[in-house]
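To start, the structure under review is shown below, and the notes come after it.
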Amino acid sequence: MALEVKNVKKRFGDLNVLDGVSFTVEDGNFACIVGESGCGKTTLLKIIAGIERADEGEIIYNGRPVKKEDIGYVFQDDRLLPWRTALGNIQFAMEMRGITDKEKAKSYLELVGLKGFESYYPHQLSGGMRQRVGICRALVVNPEILLMDEPFASLDAQTRNRMQMELLKIWDRDRKTVIFVTHSIDEAVFLADKIVVLSKRPARVIDVVDIDIERPRDRTDEKFISYRRKIMRCLSSINHAPQT
Amino acid sequence: TTKNTVNLVKLSPPDMLEQIKLGKIDAFVAWEPFPSKAVESGFKVFMTSKDIWPNHPCCVVAYKIGKADDKTLRALVWAHVKATRFIKNPENRDKIIEYASEFTGLDKRTVSIALQNIKYVEYPDEKEFRHYYEFLKESKILKKSVEELGYESEDSFFNDFLRKDIYQEVIKKLDENPNYVPEKASSIKLGYITGDLHHLALYVALKEGYLNQVFDKVELKQFPNGVAIMEAFRLGELDAAYLGGAPATLKRINDGIEIRIVAGVNNEGSAIIVMGDVSKPEDLAGKTVAIPGFGTVQDFLMRKVLAEGGLTVK
Amino acid sequence: MRKAQSFFLFISAWYLLSFLNVLPYPHTTAITFATLLVEGDPVLGKTIIEHSISSILRVVTGSGIAFLISIPLGILMWYERVYSLFYPILEVLRPIPPLAWIPLSYILFASFPNPTVFAQIFIVFVGAFFPSFVTISDYARNTPSEYIELAEVFGGDEMKILRRVVIPYSIPGIITGIRVGLGVGWMSIIAAEMIATSGSGIGYFIMVMYEVGGRMPEIISGMAMIGIIGYGMNAILLKLEERFPWHSKSRT
Amino acid sequence: MRKAQSFFLFISAWYLLSFLNVLPYPHTTAITFATLLVEGDPVLGKTIIEHSISSILRVVTGSGIAFLISIPLGILMWYERVYSLFYPILEVLRPIPPLAWIPLSYILFASFPNPTVFAQIFIVFVGAFFPSFVTISDYARNTPSEYIELAEVFGGDEMKILRRVVIPYSIPGIITGIRVGLGVGWMSIIAAEMIATSGSGIGYFIMVMYEVGGRMPEIISGMAMIGIIGYGMNAILLKLEERFPWHSKSRT
Amino acid sequence: MALEVKNVKKRFGDLNVLDGVSFTVEDGNFACIVGESGCGKTTLLKIIAGIERADEGEIIYNGRPVKKEDIGYVFQDDRLLPWRTALGNIQFAMEMRGITDKEKAKSYLELVGLKGFESYYPHQLSGGMRQRVGICRALVVNPEILLMDEPFASLDAQTRNRMQMELLKIWDRDRKTVIFVTHSIDEAVFLADKIVVLSKRPARVIDVVDIDIERPRDRTDEKFISYRRKIMRCLSSINHAPQT
């Protein structure tokens, strides 16, 4: 029972992006992917979701190919439909699966602190608010596999911390498989059971670090800081860039 | 009130045929060969134009002032008179039927019926022409008076409009010498209406070589109707043309298009076609009848018939 | 203010042309127009309002039917298989002008109770259908791939993508399509009335005035009436377009 | 494959109609068409190719001039002041169909050397101008405010915003506009040729065939020729549209 | 010689967004703005740039209103023109000012690690790459005032650190006035001369903290950490939210 990414390769014309990426996420585990900008994280997530085709390799979920019904996806750009309100955008995802439950959609908006903005159109929302609507949209369909592409990048520290805890709460309750792309090592260590470190483009898996800390985690904890340092070192070693 | 009114619509003659077949109209008036074509399809001639207004003028040969000199006109009128006389000669009957069939694309039987209804003439009757003019004036279809065009009176207008001197000169020469051929003119741009049997003389003049005898070059142009010919006159694209006396008069006065009539083409040659039981004008009450255009001779003929039956146009 | 400027520019140009003896004077035309609104012309005996109503009824019917087909079909062109099945046929039929259908439509509708009206409505249909269809299908086929991807990732099947993404995205295109289509439909009825006629309509009015001759003010009055009606139809549709709050707006 | 299906559907429908005695049979028409390609018709003595060339030349000239004006003017409608000055005039003139201009255009061009040709080109001009203008100005006026904001913040003046944002953004609209405009221009020439004529052109051909009567295969051949030419023009413009790599694409 | 934001107020319909925001940034200083998601930071930046109008208040630069020529702006969404390549998008900003210098545009792309991607269209670039193109676009016009709306949000830690240092280098060379919106307190303390802390919506200035550390700054430095803590406390105090 696991999600297996097996030797995935992808090129865009001359540009070699994914050069044989393989890793496994156990069912109900929380995995984070970190890697340099432009290394191929979004491409990988799209391939897992089945909206981009791999040149080689395959994605296996519980012994079978991934189905659309398994997936919840948070896009890196917020990708809200401009003709729908905040609430309408969340309902959109439900409609795609034939569900209609306005109250549920509303309760998720409340969860991310957007009560009162139900009827705002995307262009009337701030960047962070739009991103939060995108997160609700992915959560509301109760997916087996939740793919999140830098969902918290445009949130302030407070909101981000709050959202991280809310996400863990939801995950803890339902124990879905999560693959979470982030640039924040702090965030990765705080959230993940397992961190997949990608090399720079063409991406390969350079390391898979299991984070063995009890939840809720404390960022000032000795172990936490040492994990952080480890991932940082790992990343900077591939990049051959001086570490700050 | 529908008891003594008639619904008058304007249609092009080919459409009239289609529409009467569809039962969309109950009667129409048009020039040959359309009435004969309708007869061919089983419709009935109610009245021919001869019954309504004997000897009424129909088509004429007109020229644009300034576009044709006397030499050209003499040549044109000569060819036209020769062709008309050729048509009227009973010896040529078979040949004429063949020409008429080629010209209109209809079978010989239909054209031979149609030909009986047309009276080919060399010059129209001025009195009848004025009769028609009075109708246009009374029904307010004329927008301008001849005075506005710069004529002192209607008499002086008609003297100018119906130019008879060339015709008289040509027939006089022909009387003196049947083999008379006028001096050859260089070229002419000549218009006519597509498939209009009234304009058969033009085709004969062409086929019998009369036109080539007196012109170095003849440029023919087809038009769907007389209005289009008058527009072509306005634009200076034609030197002379065969067309109905109606559009010629209307546009001469209303639009001031400067033309003169140098010869006649035919008198009569139209008929009213009906569907079902119509034996007297009163029977047209409440029906839809079609005319080819407002202010045309056919329009006049139809209104005359309706008036006889005490009917008014709605 | 600006409208007044616009009007002034227009009238000046007209007076200039009248001065050059090309057109009748605006005031002469205005008087004719006003008269035609209440009194029938001696030739046809109908007011310009009566003619307009006939034309409008034909246009509304013909374009209405056209939109009933062009909107769903245009949207369906988003489906590759519908597109490749219908596009070649429609692309060959599209450039055939409404007028060229006149002879055929007379024969096609021969067995109908009122063939002239059917033929005219058919001609409006042909006129309104293709431009609205092209505009709508262009929009639908250009639905951003981002939104399609979004719907796909949430498990939307083609039907749902069509209903929830392609259709709402295409709404501005539908309205533009209706505007353009009505415009061409309006043109077509005028043309159809000019050639074949059933005794009323603005096109018929203009054509008769033209044939009878000497009625330039009447002709221009007819054209003005056409312009006014067209302007009205367009204005209503533009108001409709403003109803979409998410519709990308340019500065005002 | 799909094209074959499409063709098959079309031909079947046609045979059905022929069976019902509504249209002549496709094969009869095909033979007539083939004959007309190489041999002149007995009535007019010109091949259908010669007629087509006449019509195409008129369309290309008339629409060419139309686009020379509608493209810049459509783009300029982005300027609020241009818009409010010209829009009311154009909106009133727009719904006046090309055919309604025939009487006026004859008078306007009476003093030109070749007035019929000028009048016909003018009618095509009117036909092609308005639809392309509406499409282009719709696009230009809908330039996303985000991009305008971007240009403004970098100090772009209106001129630069126009050149670097509005124009490139409107390119797909310009091409759609040209496509729609050419379509209506093509319609207009056929209509113009049907009413007033200069002795050649496909519209003239069809009308003469109609008036002479009994020539349904010739009429349909003429319509087919119109369709083929229109299809060709459209295909070329679609190829052009594909040249824009950034143009949002739907799935293929 | 300073940029003064004076009592700026802004409402969107019923929503009160800016409720009298005032602060001053000395010429050549680097200011960071932090505040909760949706509090009005982007709105404030747009008002400073003159692309959004304030309901009340004014912006004064060196005693006169701000001019467009003074401004370089990095948008929160990348806002690249889809019909222009990466290089073309940078040249766009130059063209707006009537400059053409392809080499300069290229050199900026190189600076942000995008050499070789000059002719890529936006949809062919990753999220972080697009954001970097947006940064180049703002820098290339040598603005007097540089307004940056979360420019580094979608960058990985390495690239982000590199970009921060590059930015400081450029700033140090030219000494332009910078207003930089960020959600990362770490980033704010690392970059800023002065941090403006905004309250939650409707936004007011809750505190202005001068960061008095020599550059280059060391994130492990005692003083650095204490500043960080101070800002965090300040933010969380307004939000009445528990701090992790």
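Per-chain numbering from 1; labels A, B, C, D and E assigned in written order.
Quick note on the criterion: a residue touches a chain if its C-beta (ideal position, glycine included) is under 8 Å from a C-beta of that chain, and two chains touch if they have at least 3 such contacts.
Source: prediction; values computed, not measured.
Taken together, chain B and chain C share the touching chains D. The chains in contact with chain A and with chain B alike are C. With D-E and B-D as the two chain pairs, more C-beta contacts join D-E. If you average the Cα atoms of chain A and of chain C, the two centres end up 51 Å apart. Here the CA centre of chain B is 38 Å from the CA centre of chain D. In this assembly, the C-alpha centroid of chain C lies 15 Å from the C-alpha centroid of chain D.
For chain D, residues touching at least two other chains, in rising order: 195, 210, 247-248. The residues of chain B that reach two or more other chains are 12, listed in rising order.
Residues of chain E found to touch two or more other chains are 77. Shown are all chain pairs that touch, namely A-C, A-E, B-C, B-D, C-D, D-E.
Per the touch definition, chain C reaches chain B in the complex via residues 42-45, 106-107, 110, 114-116, 195-199, 204, 208, 210-215.
Across the complex, chain D meets chain C through its residues 2-3, 5-7, 9-10, 22-23, 78, 80-81, 84-89, 91-104, 107-108, 127, 130-131, 134-135, 138, 141-145, 148, 172, 176, 179-180, 183-184, 186-188, 190-191, 194-195, 203, 206, 210, 216, 219-220, 222-224, 226-231, 233-235, 247-252. On the chain B side of its complex with chain D, the touching residues are 12, 14, 17, 105, 194-195, 221-224, 228, 231-232, 234-237.
Remark: chain A residues 49-51, 68-69, 71-73, 75, 77, 79, 81-84, 92-93, 95-97, 121-123, 137, 141 touch chain C in the complex. In the complex of the two chains, the chain A residues touching chain E come out as 12, 34-38, 40-42, 76-77, 124-129, 132, 149-150, 153-162, 165, 183-185, 219, 232, 235-236, 239, 241, 244.
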